[in-house]
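Some structures are shown below for you to check.
One chain, chain A, links the two complexes that follow: it is found with chain B in the first and with chain C in the second.
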Partner chain A sequence: MTRRNYIPIMLFITAVIGIQLITKFTGTNYYLTQLTMTAYYSLVIIGLCLVMGYAGQISLGHAGFFAIGGYTSAALTTCNLTSLFKNGNSLVKFLSSQGMLIKSQDLYGDPVLYVNPWLAAILAIMLTVAIAFLIGIPVLKLKGHYLAMATLGFGIIIFRIVLATEIFGEADGISEVPGFTLIPGVSVNGNFDNRIINYYIACGIVVIGIILLLNLINSRVGRALRAIHGAEDAANAMGINTSRYKLYTFVISAVFAAVAGIFLTHYNGGIGPSEAGIMKSIRYVAIVAIGGMANMWGALTMGVILNFMSLRGMFGSYDDAVFGAILIIIMLFAPEGLLRLAIWQKFFKKNDSAQ
Partner chain B sequence: MKRFFTSTMLAIGALCMMLSSVPAQASSDTIKVGAILAVTGGASFLGGPESRTIQMQVDKINAAGGIHGKKIDLIIKDSGANPEKAISFTKQLIEEEHVFAILGPSTSGETMKIKNICEQGKTILISCGAAEVIVNPVAKYVFKTPQKDSFAVKKIYNDMNEKDIRKIAVLAGNTGFGKAGKKQLLTIAPEFGIEVVAAEVYDKKATDLSAVVAKLMANKDIQAVVNWSIVPAQAIVAKNIRQAGWDVPLYQSHGFGNIKYVEAAGAAAEGIIFPAGRLLVADVLPDSNVQKKILLQYKHDYENKFDDTASTFGGHGYDAIMILAKAVEEVGADKEKVRDAIENMKNFIGTGGVFNFSATDHNGLDIDSFAMMTVKDGKFVLY
Partner chain C sequence: MTAELFSQYLFAGITYGIIYAIVAIGFNIIYNTTGIINFAQGEFVMLGGMIAISLNTIIPLVPAIALAVVITMIIGALIEIIFIRWLDNPSVLRMIIITIGLSILIREVALHIWGEGVRSLPYFNGNEISSIKILEAQISPQVLWVIGICGIMVTLLSIFFRFTSLGLDMRACSANRLAATLCGINARNMVTFSFMLSAGIGALAGCVMSPITYTQYDCGTGLAIKGFTVAVLGGLGNSMAAVAAGLLLGIIEAFSIGVVPLAFQDAISISILLIILFVRPNGLFGCNETANLKEF
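Our next item is the complex of A and B:
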């Protein structure tokens, strides 16, 4: 990564800190709650941006990967192993002796023994990688509408599975997910007094995600991906292993979605089937489109603004309709994304000539 | 680079606008009440009537001068039955709006996600969700108005015992309501000496269930079918069973308590037996019934104001706002005192039944809040 690429990241970090200071001085730090949730959704969006914008593929199933991460980690950390431990289950005993289980008490004083969120998170990511590989190999051979349909189908399957499985709470989802203690004293949870630290954890994860993706995009892999986007056959002829690159990007973006799912589930203290729904997947695609496919900063900006407004209930009962309308309007009038409209280009041209 | 600067400028501009809009501080002459309801989405058949009812009752209270001169400032948030939105809205209502109490959410899944947040934020929550886990174990600030599922199940099983029905099949829709009901049906069956010989779950958007019906019909042991659902597909179950020429007794849950489902099932709805709150049969209740007056009043108000038949779901919203209003009227606008007042409230007559709250019972309804009903000539009548 060249030095040039660090400037936007520095500015982003400044903005993150700036927002926190503004909320602090105006006494409005409750905005950080929605900004934290938004930050996690943004992680899904920048991951999807890699697949859509750079590799030129589409995924209408990313809410599925988000749900795999969130649900796996929620199911493992809410499963009370106390009785198994007392009955002398050898696996539970072994995990406990390795410090992989956490003992605590619930609100009503009953003992709870659950899987360490670190272990749960690692298992969730491993599961996501495995599923993304299995799905990606056949599905990424498809092109255009067929790829869209196949990923949509995958999303629906995941949605149906969580809706019909008892350990995933069926229609009610999973509640009372414990916090995720990253290091002693720093925990991802929704407690009112942990808000500021959680805001920085979420933004920190997004920054790490961006650095990783920018490094990837500006490397040999990134150039290969853009070649695939431009003309897959030509890229193939040039000796680029297109199917492998497509698969890797797909898996990477799935992991981004899963990580977002894991952290947001711990932050919210629960997850429901709506997170796996089709409308969520479409929302992610709409945001990437409005940001301008291969424009990570654009997607990030639009993602933050739109998700923030949605989570604050600004769209009222028209929430899904707003995102649908956005997708249609952008595709019709600004297929390059809102931030690349001619009006902005003109503005900058003037600036350039002035210099 | 240019792209980045455009993005940042837009972002900073937008955020400044959002952050600068600091909500006005609550004035002392209003009582701010939040409501998180699924006005749209998959549970709108609950949230729709609930939000209309709550708004209607609040308008009524305010038009009469408020409670002790204080008007209610109602903020309705549409969660669309999304738990993540319910979580976000709850935090917003508690921290920004400093609401006095929160009514809703419409579904049990959402309620369970925000139960701990309300507990932590010391804010009264009066839920319209049906599941028992909402109030068991009891959380200090969390109450609920719909009757417990287990009472409905016991009502049905009582009736079966009278008819000496021993072997039954259970059908349930794949919603939170169906899930909770199926669990109760299976758990309580042994207490009544009833055996569930088959249990099937169907999709809430199903349009034809004849395959499921055929499978059950093949099992000659089945003496009755219980269909536990709250979605339109429950009318299809009734239709498919009668179309197949199966004259098995059909029981439904209180989720059947909407005349639209009877209309959808047509002739097949005749003779369906189900437990429900008395709102559905308000017109034919004996005059001695304590609930009759308020049931007729609510039905009349709601149906005159909206182009919609009054359902028991809207009634849950009515009970939630009226219980809160009653408690505020008794002890004034003090959160802790109002919480205590609700917990100690006795003989409150609502649409769901007569509420008697206590420190161990934050639902306050007993098994008599349900009455067994049936469908006769396309209308609900007492059974």
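Our next item is the complex of A and C:
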């Protein structure tokens, strides 16, 4: 990581702490709930930014990966294994002896035995990686409209599967997902007492994600990706294994989406099929487009602002319409993103010369 | 499977298949003149149905449908003039995102005008329970209307593109836009016209199918995806192959009802789409050499 990248990260961390202090002193602590959710959505967005902005591939199916992460983790941690344990299922016995299962009691005092969220999260990420590889190998050979439609199709298939499968709760989704205890005493859940710590956990994960991605972008891989975006044939001729780089980027961004899905599911205590819907995928694409495709900080800023406004219900019943309109307006008048309009260009140029 | 059940499924398949084919032709017309896929194509079908239903409360059925088709054509032209005409050589990614945005906007506007409810036009002949016996199967007369009108539309379109001056102009634009412009064809107007034409045929299909499939504000998305599947299956840009591909997909879907749970119905056509994209992206009837020359 170069020194230039430290400054925005420090600014971001300062902003995170600043916002928390502002909400504390103005007595608007409840904003932190939406900010935490926004932070998790931002994780999907920066992952998608890598695929769209740097590798130049569109993905209209990222809500699918979000749902794979969230749903796998939710299904594993809400599945009550007590009866299997009593029947002497050897796998359950083994997991229990390894401390992979958690015992607790439900509302009525009956014993509940469920998979440790850590194990569930690891399994969910492994599943996401496997699916992303399987889908990515054929899909990333496509270009333009075909790529868009194929990823959209993937998203719809995932949506249909969660909507029609009983263990995923069909149209109701999965609720009563237990909290995710990261270290004893620190747990990702929706309790009001844990609001501040959860806010910092979410922002911390975003910061880690950003650092990882910035490192990637400024490495050999990042340069290769930009070459692919510029001219794929030329990159190929220069000896860059374009298909492998595209595939790895796709898988990495799928994992980002899945991690966001896992944490948000534990935080909300549930997940519904709308998280897998097409509109969610399009929303992620919209935010990356508004932020300016190959502009991680732009996407992050816009993602935080728009998701927060949307979660606070500021757009009312026009939520989807607002995103559609923003999408069109940005693509018509500022295809390079809102932060790269000519007006800002002058300001940035001055800054560059100062350095 | 009994002969009765077989022909029953067959007719259901043909009915849906020909509707998919119309949507696919709508995709093809715009793709041929502009090289872009209009993701809002399914919304034209929805708009046609919805406008006709609203108009039918004031005026009789036939004028209501005619007026709905004209209004949808005007909307199609306006979309092209406002959002697409003035863009200089836009990238594919940009066009995809713009047309997706348009489809969301149209859908949301429809939601706020007509609400979430399911609506439908009255049956053109008889009502829900009237039926005709053909090849052992009980067929609603509306099915014959759908097959008939869509069949006539396909025939007229192929005559239009082959023998009329305007149709030939449009084909010239798709073959080579610069050369067409040099021959004195106004290529920009042809693009506007292609949007009007595909909006019009979409709207008419939306009207005739409304009594049997019903119209809802969000029915466009599913139709657009199936229409695109059909367009790819037949080879993008090839309208006559789209008809064959549409009938094929419709019949596959109809016969799969007995095997695959209803909830996974949509997944079938999307799986077909994915397989076709991976294995034969130039379509069942397309040829490799021409496909390599096209830009997707």
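Criterion: the second predicted complex is superposed on the first by the 346 of 355 C-alpha atoms of A that agree within 3 Å, B and C clash if a C-alpha of one lies under 4 Å from a C-alpha of the other, contacts with A are read in each partner's own complex, and residues count from 1 in each chain.
Here is the rule we use: a residue touches a chain if its C-beta (ideal position, glycine included) is under 8 Å from a C-beta of that chain, and two chains touch if they have at least 3 such contacts.
Because the structure is a prediction, the values reported are computed rather than measured.
Once the two complexes are overlaid on the shared chain, A:Phe192 sits against chain B while remaining clear of chain C.
Contact with both chain B and chain C is seen for A:Asp320 once the two complexes are overlaid on the shared chain. Contacts of A:Val259 after superposition: neither chain B nor chain C is touched. In the superposed model, A:Gly270 lies in contact with chain B only, and not with chain C.
Touching more residues of chain A than its counterpart among chain B and chain C is B. In the overlay built on the shared chain, the residue A:Ile305 is in contact with chain B alone; chain C does not reach it.
Within the superposed three-chain model, A:Leu142 lies in touch with chain C and out of touch with chain B [touch as defined at top]. Touch criterion met: A:Gly27 reaches chain B, while chain C stays clear of it.
In the superposed pair of complexes, A:Leu163 makes contact with chain B and with chain C alike. Looking at the shared chain after the overlay, A:Asn295 reaches chain B, while chain C stays out of its contact range.
In the superposition on chain A, the residues of chain A contacted by chain B and by chain C overlap at 163-164, 317, 320. The touching residues of chain A, counted against chain C in their complex, run 56, 58, 60, 138-139, 141-146, 148-150, 152-154, 156-157, 160-161, 163-164, 278-279, 282, 285-286, 289, 317-318, 320-321, 323-328, 331-332, 335.
The touching residues of chain B, when paired with chain A in their complex, are 1-4, 6-8, 10-12, 14-16, 18-20, 22, 39-40, 77-78, 80-85, 87-89, 91-92, 95-96, 107-110, 112-113, 115-117, 119-121, 131, 137, 139, 174-180, 201. Against chain B, in their complex, chain A makes its touches with residues 4, 7-8, 11-12, 15, 19, 22-23, 26-28, 30-31, 33-34, 37, 107-108, 163-164, 169-173, 175-176, 190-192, 264, 268-272, 274-275, 292, 295, 297-298, 300-301, 304-305, 308, 310-313, 316-317, 319-320, 339-340, 344, 348.
Listed in rising order, the residues of chain C touching chain A in the complex are 36-37, 83, 87, 90-94, 96-98, 100-105, 107-109, 112, 221, 225, 228, 232, 261, 263-264, 266-267, 270-271, 273-274, 277-278, 281, 295-296.
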